[in-house]
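My questions will all concern the structure given below.
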């Protein structure tokens, strides 16, 4: 499964980057979302993938029976998802405001600042 | 000692206040300090004259071997006395010359700082503290040259001077550091006694070149001489003098100082000799070609600097003694002449020698001392200048190599110097009265006359009584430069020998030129055209080039296109990673699709296809919807592989993201097909390359495992120690609560940011 | 026994899911696609969740969650369908060419922001004014 | 238990939270702004002294033993960074009292400031690689919000580039963490270093190191990743610019220092050689970028980049002295660059523009400001005896000792070109007479500039002090470099001496 | 018996997912895509149900519970967007 | 269509009256059991925020604000304060920050109950999430109008 | 309706307390027993009498509805699965008897849940429900069955 996931991750990164290289700021944001999904899945893949064994301790037990999935990686991904969401919220509103100010969904009209 | 050097800076900080308090006498009041310093340094003379050298050290940054250590020997004492002695006259003179000038207070600050920096420079034993003072002279000099800062030319000249000297200074720093690395010490006193350590080291050539680059730029040697006459933009002859006759000698000082360690090689002789001689001739020639008072004096200073450099390069004991004598002589007459130029300007408003004449009636005292100083410049017996010139001829004639070339250039220069001396000493005062911008009504005030009078007179006095300076100061100085006591002594009369002949010859030819001044100038006029190819052009070109390169780089790199920034970054990443993989000899990768279930395959397929659709669709909201599909597929993957909380979170976040996009995007226009096909293909290639890279890394890292995960600990301890059965949540709120805290801070910040972004704008719109 | 029942529910549920998906793909216009997904989807999902509830029969937690899921589906699916169908109508998506009648046509009154019932006429939107425009 | 290790993180978090909760009360926010950053500085100094005295300090957050829980680790580099962050935070807070408008205060300026500092300090102190990612994000989002406070077009345009490129950096960082976790199964940096120490086949590690190089390179504003910086740093409120200029890129530099001394030291000949090229290119492109600029803050922004190059140079040469130089450089630069931006803000306050061509005559009208500008400006250019000189000097000596001639040459050349830019500002803003046509530009005016002057003066005094009192600074930097070069000190402190 | 049904269900759901996805891609209008998205959410509930049966772990039902609620929210959001006139003129 | 149609759905409006309490209950449920089963402050917060967001879509912003009662900025601020403060008590026992402190009660009927700082922390998380998400959504919706 | 329901739940709780078993099955038993007790003991009080009749009605309605749901789903399934379309769709205006917002919402949603019909919108005067019908072969028949559904639902609701 890790092999398959490598393709998924690679695919998500590629799609994200292609989107970010477009002129449209909306596509930029879509790219950011894909990018964050890709990075999260990469982390998930690296922790090793296990079916049907959530890291939960049964009621009354002190430890799960048998092998369970890596809870640490899950916690990290959860954190990363939330952070990604916060950042994304900001980015989305930013492009919205930028669009209002610049009046075009075109990055090429947002280059005066630099030069 | 430290106090002596820093006193200049300390006084500088209060100088404006002193100036306000003492008004028109401020010059005299402030001049007390240099006078006191002069006396203080004079007190070292007996000891130093008898061959001692004194080292005084204060710790500064001992960790870096940087001390504030000072070395008083003949050389540094000679310089210290010149600086403080002349400094006294300068400060006193400035008080009157700039009387009523609105920036006189600031002027004192600069001039006193400058003086202190020079003192520090020549007295430093530690190479780094020497360098510190070196750079301080550059900065203070910059501020002095640009004193008339509202004038664009002044600013430009100041920058030029600064840029050339600091640039050279940086080379010097490298040279000094290399010297220290080789000898293991930054202390001059130790380096100078390190014998052939430097000369024998593989870095020797580099060190010499770097050090000389610093010295040549500072001392305006060809081809870096161009900045010095420009520096005459300085407001007054006073400051003009200071850095044309004092600061620039810093380079000469350092060459002299390092001569025992770096000198006595062919490289040293050739570099110093040739460049010095060229500078000498160029300086005096340009001097002849100039007419501006300060210009003429400045170029003649260039000539003197060249002479000194050449002499140090020649390096025989005669040459060194000649250098010291010439140094002293030059300081005296050039100081006098600059100050006199100031009087001409102050009283008659004249800035060009050709526009003057017949001032002897109005300014009789000035005229007298001008004549005396000019005689010394011209090297006429019995002036001290004559003594120095005789020795100069002798030194070049005896030079161990290049003697012919050096002699030729020296004689040619000497001839021209005589003409220059006549121009500055005779032209303004004799002959018919020429209308000047101001009509002088009276002689200059005593504060302004004191300097020229004393300095010019000393030129005469030391000439007649050579012994006064010979065996104490100058021989000690020469000894310090030579590295061992010198055998040569000065005398006014050496008998009829070749040097005397050359002296007479130069006198005659020089006067001939003076009396045929116009014809000579016309004949040499073509030389001005050569300036176009000179080093100043190179400087200007490189400055323009700097700006062009900068603009070009900005156009290319910082071009404003986000996607090019991204492209650059991504391609760099791919390149770095690929190169590293290649270097590692490839990655170990195990690929296997065994055990993948059909539903997983389906979900992965949908995920990838949805991603593809969101990328390729021409509909903006279609892309958002596809994104939703990606999100749900990802959530399903989390769920199918045992991550319930993550799955829930993914679903919720996905939904909220969609809602947010929906709230935000609905006023935005649809996608435009903005990019040509070729560019899309290019971007697709880059994107794929990056994707492949990440996939490879993921595979490689999955195939390799160096250690077991620490998550075993959480699985074991969650319930017993964290009192929770949802291990993920226990990690989030207990084991790694700090992460979660950071995470909610991010969320809070994002919310505040969004709020500010929208509300602040709304508020603006209302206004 | 349980296995058979659970399997039955599961397979029938999955079958309805399939019907919903196929309907979504095959149906010629938006309202009819909604018909397929809302009903068949909800039913299919519900049946499959019931299968889970049966498998873990007696486990309150599972039963409660299964019930909650079904309730949520039943509560939300028709509302979502209504909203989407209505939205599609709002923006004037074309209906299938064989649609027999449309009594909702022209009943939205943008002037007053109301949806008129049949026969009701907007006070400001008299037929003669329509003609004048 | 050493509370001082966590205080620099906890305090700003707490102050940020409280001032966010008190968002209605402007005065309270201002008071907390100054008092909070002041307290932070006290705590930071406490930490530095404690670290100086007792060596690397560790707090196991939540009392979970390493490597399982998150540790906060204060080695000297971390403690130094925290002190510098606190100084720039306090300076910004004080300066902001008059420099930031009521409206901006109303929309969360002070909470953002505190939380930014929390993020920065968290990044400096954490001993956990994922936790570092979290603090990076805290810092980043706080900076996003501060960046757009005002909502002008330039801010939006700049922010889009800033946000995008930094998010790319974050994604690469996160991916790198994922890969490292996959290899070592741990997040604690000391533990990672420990587990990688015995690995024989280091190829893959070096490859992953490149991911970190890129990610932190972007944050640090190194070549060829710096584009976001000149695109955005001149757009926000100037107090914000100052804080950013002082801190944000330095977090990237810090992270480079941390991972390339602790974790990725398998193949120094390769990785640090790359770093050296990055350093040289960063210096050059940064300084060249500035030469064509005629806007005060743009010039300063480009110079951040070139200065970052020097710091990376210290890391890349990887000798004890070079690391000393790098650390010294960071210390010097944070103070100096923040101050230059503050000066630009004061100039704007008085003249209403940042355009050099429109400015002028300030040496005549504001000589004190001129002096206060010259101190940091000349220091930046490395003119002795100011702080920047020693920073450059150490690096050059290190370069000479390592016989890396080209980098020495570049470092010197860039110093000269830096001087060119600083002198350009000096000549245009202070020396040149004010052009007539811009003489009457509306400006906020001199009201309340006393506080700004005060801040600038104190920072300038620090610059002078670091120069004249270079010895203590050197000693600290030396000790910090010593700890960096011997990662076992760090590892033992975190994981306990297990031998 | 149950294992076979689980497998068959997975296959059916996978095919259904594929069909739904085609609708998502071809649209043609935004509401069509939204319906497809809703359907994907419903299918996800189905997947989770099957998965719960196959793994015997009931914790994943919580995901289904949340899904059932939130997918609806997305639809509400989209409906509002469409109703307000966004996203149609340009699609 | 020449003019924007802005007719609220009656069905949605009245359904939201029912869904709102349901969702809020669900969110509290998720919050409290998060330590043992899937859930927790973050997930619960998102659900609560979704509930209010639904109300906002179904009714209007003012209704949503009225239901929320507190200003979202307060929620964010105080949530953060909760989150940070929960890590502080340990310091008074000489333990590291964020060392969890537990109190054990024995209550009639409910039996043994453990209350600890992680729960306070989780509540802080919950408040911040609710506050932040709603601050964003409400602000956006307001700007949209 | 709320009051009696609360009583019923309370009784169920008590039952669980008495028996000391807090399982789902026991809760179900408690609820059933509680209902019986209430229906019998308090049949004199109108609210409780109403409750007593409504509970079986509700259960019957749910059964009816589920049956309808499955039946008509099969019809749609057949249409979907076979190549030819048998649909004769149209939008009709269905005059509502339900009056309150709650009633209208529930009726509309029930209609949406039954295959073949989909509530599109309610007129602003709340008198008419616009319904998309999939098989409009006989409009009168459709309206009749819709009416029947509405009646049964309202029976439970009122």
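The first chain written gets the first letter, and so on, giving A, B, C, D, E, F and G; residue counts start at 1 in each chain.
Simple rule for what comes next: a contact is a pair of C-beta atoms (placed from the backbone, for glycine too) under 8 Å apart; a residue touches a chain by one contact, two chains touch by 3 or more.
All values reported here derive from a predicted model rather than from experimental measurement.
Undergrad: Determine the set of chains touching subunit A that also touch subunit E.
TA: Touching subunit A as well as subunit E, we find B, F.
Undergrad: Which neighbours do subunit D and subunit F have in common?
TA: Neighbours common to subunit D and subunit F are A, B.
Undergrad: So which chain ends up closest to the centre of the protein, judged by Cα positions averaged per chain?
TA: Minimum centroid-to-centroid distance belongs to D.
Undergrad: Starting from the Cα centroid of subunit G, hunt down the chain whose centroid lies farthest away.
TA: Centre of mass proxy via C-alpha means gives B as farthest from subunit G.
Undergrad: Sort out for me whether F-G or A-F is joined by the greater number of C-beta contact pairs.
TA: F-G
Undergrad: Name the chain whose C-alpha centroid is farthest from the C-alpha centroid of subunit F.
TA: Of all the other chains, the one whose centre lies farthest from subunit F is B.
Undergrad: So what's the Cα centroid distance for subunit A and subunit D, whole Å?
TA: Taking the mean C-alpha position of each chain, the two centres sit 28 Å apart.
Undergrad: Can you work out the whole-Å distance between the CA centroids of subunit B and subunit G?
TA: Going by mean C-alpha positions, subunit B sits 90 Å from subunit G.
Undergrad: Please work out the Cα centroid separation of subunit A and subunit B, and write it as a whole number of Å.
TA: 50
Undergrad: By residue number and range, which residues of subunit E touch two or more other chains?
TA: In subunit E, 13, 15, 17, 34, 36, 50-51, 57, 59-60, 62-63, 65-66, 69-71, 73, 76-78, 80, 83-85 touch at least two other chains.
Undergrad: Give the residues of subunit A that touch two or more other chains, as numbers and ranges in rising order.
TA: 20, 28, 38, 40, 42, 45-47, 51-54, 56, 59, 72-73, 76, 78-79, 82-83, 86-87, 89-90, 93-95, 97, 107, 110-114
Undergrad: Enumerate the residues of subunit F that touch no fewer than two other chains.
TA: 1, 4-7, 9, 11-12, 15, 36-39, 42-43, 47, 50, 53, 73, 76-77, 80, 83-84, 87, 98, 100, 132, 136, 140, in rising order.
Undergrad: Could you run through all the chain pairs that touch each other?
TA: So the chains that touch one another pair up as A-B, A-D, A-E, A-F, B-D, B-E, B-F, C-E, C-F, C-G, D-F, E-F, F-G.
Undergrad: What does subunit D use to touch subunit A in their complex?
TA: Subunit D reaches subunit A through residues 130, 133-134, 137, 140-141, 144-145, 148, 151-154, 156-161, 163-164, 167-168, 170-171, 174-175, 177-179, 181-182, 187, 227, 230-232, 235.
Undergrad: What residues on subunit F touch subunit G, complex-wise?
TA: Listed in rising order, the residues of subunit F that touch subunit G are 7, 9-11, 13-15, 17.
Undergrad: Using the touch definition up top, name the residues of subunit A that touch subunit F in the complex.
TA: 54, 56, 59, 78, 82, 86, 89, 93
Undergrad: Can you tell me which positions in subunit A touch subunit D when the two form their complex?
TA: By the definition above, subunit A touches subunit D via 20, 25, 28, 32, 35-36, 38-40, 42-43, 45-47, 72-73, 76, 79-80, 83, 86-87, 90-91, 94-95, 97-98, 101-102, 107, 110-114.
Undergrad: Applying the document's contact rule, which stretches of subunit E touch subunit A when the two form their complex?
TA: 51, 54-57, 59-60
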